[in-house]
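Here come two complexes built around subunit A, the first alongside subunit B, the second alongside subunit C.
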Partner chain A sequence: MMTNHNGIVTQGQFSFLPPLTDVQITAQLKYALKHGWAIGIEYTDDPHPRNTYWEMFGNPMFDLKDPAGILLEINNCRKTFPHHYIRVVASSAVRGVESPTMSYIVNRPKKEPGFGVVRQESDGRNIRYTIHSYATDKPEGERY
Partner chain B sequence: MTESIISNTEVFADDTPIDLAAELSASNVTEILDKLDRELVGLKPVKTRIRETAALLLVDRVRRKMNLSAASPTLHMSFTGNPGTGKTTVALRMAEILHRLGYVREGHLVSVTRDDLVGQYIGHTAPKTKEVIKKAMGGVLFIDEAYYLYKPENERDYGAESIEILLQVMENNRDDLVVILAGYKNRMDRFFESNPGMRSRIAHHIDFPDYSAEELLVIAKLMLAQQNYRFSADGEKAFAQYLPLRMGMTHFANARSVRNALDRARLRQANRLFASSGRKLTKLDLMTLEPEDILVSRVFQEGKVDLDGDEGANAQ
Partner chain C sequence: MSKNVTIKEGKERYQAGVLPYKKMGYWQPDYVPKDTDILSLFRLTPQAGLDPEEIAAAVAGESSTATWTVVWTDRLTACELYRAKAYKCELVPNTGPGTKTEAQYFAYIAHDMDLFEPGSIANLTASIIGNVFGMKAVKALRLEDMRIPVAYLKTFQGPATGVIVERERMDKFGRPFLGATTKPKLGLSGRNYGRVVYEALKGGLDFVKDDENINSQPFMHWRDRFLYCMEAVNKASAATGEVKGHYLNVTAGTMEEMYKRAEFAKSLGSIIIMIDLVIGYTAIQSMAVWARQHDMILHLHRAGNSTYSRQKNHGMNFRVISKWMRMAGVDHIHAGTVVGKLEGDPLMIRGFYDTLLDIHTPVQLEKGLFFEQDWASMNKCLPVASGGIHAGQMHQLLTYLGDDVVLQFGGGTIGHPQGIQAGAVANRVALEAMVLARNEGRDIWNEGPQILLDAAKWCGPLRAAIDTWKDISFNYESTDTGDFVPVATGSN
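After this line comes the complex of A and B, so read on.
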């Protein structure tokens, strides 16, 4: 159930497609900038679907005109965390709060072990299910 | 870079005809150059330099199309000159020209001073400078009074860190942004002497001359026209007398001083109109600056600068 044909984590936009090239990322960034969205870069080594808040790589970037600066930061982040998941998040302030409007992964570990189903026997013959990332068996920073 | 600049591998014959005029009209640069001529009074050497630079960039662009050029030209510039000589205005036009020619993608101008680049404690400068650079990418970064970045008397000053980052970006991200440094001539010269790296990365040094009294009078009339004011015939004569006097005094900041003088004249005009309440006023009265609005200035009375409102050379 938690596996897919590529054997990779599928979160956010474009995750069923082959990895985005820098040119494609630039085009997506341009789209976000055109709408005046703030863009942040975030990373994590715990890709559990319920792990919503990833670590921020620097502050979100406001008032930019050109994607070159963001791409520079993405590449910095890739250099710093080559084996982490890195995503780009665009937030729109139209509703009065910065609400996420775009989110896509731009870097992922070479090998993604995926998730396993854990069954817990509870009262009666009930079974509780949860999913568990194999990577998180290891401590933070040593996972990928 | 625009698509036209993306190089291909096609080889052109040596006698391929080149239509420079068509190229020029396609880029719409003449429009901006003419606007520059129209809106900026004087500044002959600056205008010539900018025309030359535009021609160079245009030819370079055509050469790229013919697969002749190798590296992209260095476009970083330094504008030197006294305050109020139009450095910021020209930088704004320059950004537009570079944009039309396809050397910057967005063509916006980010104007900063030392405060925006240099942090206040260790580790504060790099993120601050980088943020400004990111904002300027795709456009022009205009650093006003750039010599304040380098303070040789304080070796722990964080300005050096900022310069280092700027140098790196000026070298590695040449396609992404153009840096224009601006400031007084002699202080900029000293700045470049102590930062040879900076000097070698700047290809175009443009010096802004001071305005003559006649040019300042034309500027004054332009400024007034923009605000729907005008001199009476005598008022213009009075202002023409005022200018050489003011020019000889301290803290003379060219067009900026003219603007301040006009602002004070407007103030006096308003007071005069108020005081003459017995008389019937017309629309013309509201628009006209009379000699008495100018002759009251302390420049005439005491040979001193009016201090109220005239911040002089150091203000923006």
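After this line comes the complex of A and C, so read on.
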């Protein structure tokens, strides 16, 4: 088990808060839509901090402006991957940003074994560090 | 002939002797600045009885081609082009007769771009803040703002990483970054120092930071610090599943030594290094080039700036330093907290933040932005708010400073009654609760304290933080205030 304050992976904007309700998620979706950001849903069973490319649950929803419709997709993703990490990512196409502007986790496995540090002793006192996810010792789709 | 009129080029102009600067061509009220000119705004306090326009002309002259007497060798050059031109000089509001402050003047000066070497802050500043600050005729002088033309801006690298790429590398979006400075600043051994770093990062901060004066002292050799800090960073990253970093201060006595330390930081896998403003403009630019070559984020601590930026009548405004540092290529710069222990008027601080972050800044006199500035796609530099801030001010910090900032709670993390991890938890919970509420459309300025109290019901560390620091604020008058008050536009 992870030993940080909440015992969970704390990526994203809201991992230190109690899990967001659908009402709270809808409010965040409205905030993104108000700014004209496209919302995408991504899932993974490899939560390594440098795993940038989570799988996309479809393309970002550039043309969907109804938060209820987006919430429906989030819940579809939760049904399809109930034991995966799922995050909502908002992206801005505005010049000077053109990058994600929000990212928060809306689903996570019940048990999060976390990561170990692999230390490779090197020359002198140098150590090369590898952060290793316990879950990824198993093949994709069989991890949580 | 009036003494205000420039003497035309020719024999009369170049007779040996002394001419007023105004007559030598450095005062040109009809001059229309070119898009490619570098524009500067100075606040002049002339010695009693002197003509402010003559002083403005003297500043233009001494920061470009002039010396105290006429020289015939001017006639070998396109001297009219190379002369800087003072083109406007006006009384500063609320100064002069009938006020508490002696008369000050805003002098606008245009320099042709060809007066400066491309890509060199050192060369730019040698003219603009060179001889002129010591001239006897000025009692005090302050550089308030500059407009850097796009063509000249494009000769600078700009921030090695930039805010957008830093967020992508760190995987942190839609909220301010959280940091802390290791305390005590001086005296910890490497092993004990790394302990603070580990606890703060595991608790929930994104960054921990060396302080400006921690380099390589008898109590802790720099290599020890780097080794123990990287152990702490990696262990905390594994404990949370997040990308984290510690600003390793590579400031040293020589460039060779700084490069050596930076290389070592890189070899250990650090994502960020740090330098101090006191290393000088050229050293900063060199480290920015190194940082870009090595995928390194470059943090700048503004050590020393208040010696020349704080007093309103002399030195230079911090917005000019902000501008130069964005050009010089740093990714982070300390730029004020508004509510903390260090100097800062809210609108002035917002002006610094806009200067660091915007892709275009319009003239906004109430923020002290005197010129329109097109940033020509130059990367954004992340402002850092550090000094005397704590979780109980989160609603104020988020309102004043926005998302693109590193909020650094040093004492506010390490001084937490339940320990460093708890201090970090309190800060992170306060931040996330406030961002959530703001995004939901709540009025965090007024509801902020209640939002924090509500979160404190389920978060003991936040409860303890609020109880400890609830009465702490730093309400002192700012010295660096605006000259113009915001006014409603006519259409409203």
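The criterion applied here is as follows: the second predicted complex is superposed on the first by the 136 of 144 C-alpha atoms of A that agree within 3 Å, B and C clash if a C-alpha of one lies under 4 Å from a C-alpha of the other, contacts with A are read in each partner's own complex, and residues count from 1 in each chain.
Operating definition for what follows: a residue touches a chain if its C-beta (ideal position, glycine included) is under 8 Å from a C-beta of that chain, and two chains touch if they have at least 3 such contacts.
The structure presented is a predicted model; accordingly, all values stated were derived computationally and were not measured.
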Discussion item. Contact-wise, after the overlay, does A:Gly58 reach subunit B, subunit C, both or neither (first, second, both, neither)?
Written reply: first
Discussion item. Going by the contact rule set out at the top, does A:Asp66 touch subunit B (first), subunit C (second), both, or neither?
Written reply: first
Practice prompt. Examine A:Val117 and indicate which partner it touches, taking first as subunit B and second as subunit C; both and neither are also allowed.
Written response: second
Worksheet item: Taking the superposition as given, does A:Asn107 touch the first partner, subunit B, the second, subunit C, both, or neither?
Response: neither
Response to the item:
The answer to whether subunit B or subunit C touches more of subunit A is C
Item to complete: Could you look at A:Val97 and tell me whether it touches subunit B, subunit C, both or neither (first, second, both, neither)?
Response: second
Worksheet item: Quick one: in the complex, what on subunit C touches subunit A?
Response: 164, 167-168, 171, 173-175, 202-204, 227, 230-231, 234-235, 237-243, 267-269, 359, 377, 380, 421, 425, 428-429, 432-433, 435-436, 439-441, 455, 458, 461
Worksheet item: What residues on subunit A touch subunit C, complex-wise?
Response: 2-5, 9-11, 13-18, 24, 27-28, 30-31, 47-50, 52, 89-90, 95-104, 114-117, 125-129, 131-132
Item to complete: Would you pull the subunit B residues touching subunit A in the complex into a rising list?
Response: 105-106, 108, 127, 131, 133-135, 137-139, 173, 175-177
Worksheet item: Given the complex with subunit B, which residues does subunit A contribute to the contact?
Response: 58-59, 61, 63-70, 72-73
